[in-house]
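I've put the structures underneath this note.
Shared chain: chain A. Partners: chain B in the first complex, chain C in the second.
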Partner chain A sequence: MDLDNQATIKQLVDAHGAENLVVVLGMSGEGVRIAAETLTTGDPSWAGPLAGVSLGLPVYHILEERVRTRLPAEIYAEKVQLMEMVLDVAQIEDALAGLRKTQAKRS
Partner chain B sequence: MIPVLRAAVNTLVHVPDLVRYGSKPFREGSRPGSFLADLKARLRTFEDAAAYPPHQAFIGNLRPESLADIPSPWYGHPLPGASHQGPFGEILGQGPFYSMLEKADQFGLVSLDAGWTPPANGASAAAKGLMSAGARRGTEKEIRRRIGSGEALALEHEGALIGCIRRDHEEDESLAARVLLENLAAKASGAHALRLLLEKARLPAEEVDYILSCSEEAIGDRYNRGGGNLAKAIGEMAGCPNAAGTDIKAFCAAPVYALVHAAALVQAGVVRNAVVVGGGSLAKLGMKSHRHIEKRMPVLEDVLGGVAFWVGPDDGESPRLNLEMAGRHPSGRPSTPQGMMEALVCEPLARAGRKLREIDKYAVELHNPEVTLPAGAGDVPLTNYRTLAALAVIRGEIGREEIPAFIRDHGMPGFAPTQGHIPAGVPYLGHALAAMRAGTMKSAMVVAKGSLFLGRMTQQADGASIVVES
Partner chain C sequence: MFDGKKVIALGERDGIPGPVLAECLQAAGTEVVYQTTACFV
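For the complex of A and B:
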């Protein structure tokens, strides 16, 4: 995950507390799993500000059904509808579901 | 005066020994435990690079659509009997290219060993005409002294030292040896593409009036970083005595901007014959090689790309560059994938009262997916085609179930090297010209996008598009 983004999220957690934040991702492919892992258990590449930092943030993706169906219709049509057809939504949902399952087992 | 596309040329230069001077390998080389040794072991031979299916598609020996029928990985399925000459292109070897670098240099920057004769590698007459006569060759001792003093970088061929390139100022970063090597590589590969265009299209060099370079290098010195006009230097090297010119800079969108400018100059009657030329990007060699090495693949980013296009007045048979359908992305528009495609594709089509399906082929950023996928950068053309298809769904032009068919019919697999401006839709123009002349295609839209944010002056992206139609 991008090092600048890691730093920004760490600052937000310091300012507002992890319990008050939810992360909504917008990327695709392999990046989804890596970002979700980075924001929960820490940077798996050990290169960024979140190396060894387990924020445990709740992570969702904008295209997950439970997120996208709650958006106002106008915003969905303008900003989300197209990418729902472009990106592989099933792969994104699988990646996040798999990670949540592993984390639930750990905790 | 209706501007038409008279000819298109795509070239590749296979430069395995220069991959180490790409930005990523060069930075990596100074780190302990660098991957340079692994990189060397995974470089391809000239024959392997020439028989690589996407390269064959690039020079016109294979239709891009045919790549879909070749099993993955493509590097594991070289084309039997592949030639390094194609109907609208050439794959050049490193030997002749070193000689071209020497010829491109007018300041004694490049010294090749007098004891080394550059192999011609079956180069075309166009390429041979750009090779140096070798009047300024150096001795091995002198070359080693320059490299040892830190003023020059080594030039190697098949692992052996054959020359060097020196800086031209001790303190000026813009005239450092590696920067000058980048600039000379763009000049020489651009001149090669232009010279091949002249020969293939039988356009007398004297009749070229104007050259627009869409190469990416920032030519200049410390007071004028990016000062420019590589176009004129390329024109001089290719022997176009009556051509003036200038550079068009817009990251990867530059080739399409340059085509729009060239067509506008011809349509307005300012010039008769304009040429758009793009030389290769040395900095992008081996850009994702660390990922390819991790995945035990060959280092696929071992070629410099080149493109050249002749835009002239209507000859009654070449396809028209339709300026009424030129697309642009104004700064007030969102830089989202949807915002970009609406501005670059839907709006020009709407102006002409056409639907997305009424353009036969879309040539988007045609990055070879075999290079980008292992690096986690996705399949760039496929994502673009999905975006176009999704827009067609949103606009009620096709049903959601028709997305795969739209992508198959109006798109193609990526086949261009990841050379920034080179994959920007334009490598398809050679194929489009052939199909339009054969009467099997009526229209193609070239859509290029540029990542302006990389330069830190704006968060925006940019783009440009143009329609070619018979």
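For the complex of A and C:
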């Protein structure tokens, strides 16, 4: 994840508290896992401000069923639904489920 | 999931861009405090 974004998100957590924040991703492929890992257990590349920083933020993807069902259907259909055909939704859900399982074991 | 929470929306140019995420989430009544769009090219 971009180093500037890591710094900004760290500032947001300092300002609002991790317990008051939720992250929603719109990324594709491997970017989902890397972003989710960075925002939960820390920057896996150890290059950015979140290296070694476990923010433990809840991370979701907008195409996950639990997120998309909370959005107004009309806007979702107009703006996002087409991407269900482009991105691998099952892979995204598997990647995030695996990360959540790992997190649950650690805590 | 979103009740009382502030949302960080991280989009991607080859996926779903940040402004689209923010628009959808705001329409659902959430407060988006930061949105951005990554580009890995």
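Here is the rule we use: the second predicted complex is superposed on the first by the 107 of 107 C-alpha atoms of A that agree within 3 Å, B and C clash if a C-alpha of one lies under 4 Å from a C-alpha of the other, contacts with A are read in each partner's own complex, and residues count from 1 in each chain.
Following the convention adopted for this analysis, a contact is a pair of C-beta atoms (placed from the backbone, for glycine too) under 8 Å apart; a residue touches a chain by one contact, two chains touch by 3 or more.
Since the model is a prediction, treat every value here as computed from it, not as a measurement.
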Per-residue contact with chain A, leading partner among chain C and chain B: C
Which superposed partner A:Met83 touches (first chain B, second chain C, both, neither): both
Touching partner for A:Ser28 - first (chain B), second (chain C), both, neither: both
Partner chain in contact with A:Asp94 - chain B first, chain C second, else both or neither: neither
Shared chain A contacts, counted only where both chain B and chain C touch the same residue: 28, 31, 79, 83
Interfacial residue positions of chain A with respect to chain B in the complex: 28-31, 79, 81-83, 85-86
Residues of chain A touching chain C in the complex: 1-2, 5, 8-9, 12, 16, 20-28, 31, 35, 57-58, 60, 62-63, 66-67, 70-72, 75-76, 79-80, 83, 87
Chain A partner contacts - residues on chain C that touch it in the complex: 1-2, 4-12, 14-18, 20-21, 23-25, 27-28, 33-34, 36, 38, 40
Sites on chain B touched by chain A in the complex: 336-338, 376, 378, 383, 386-387, 389-391, 393-394, 400, 403
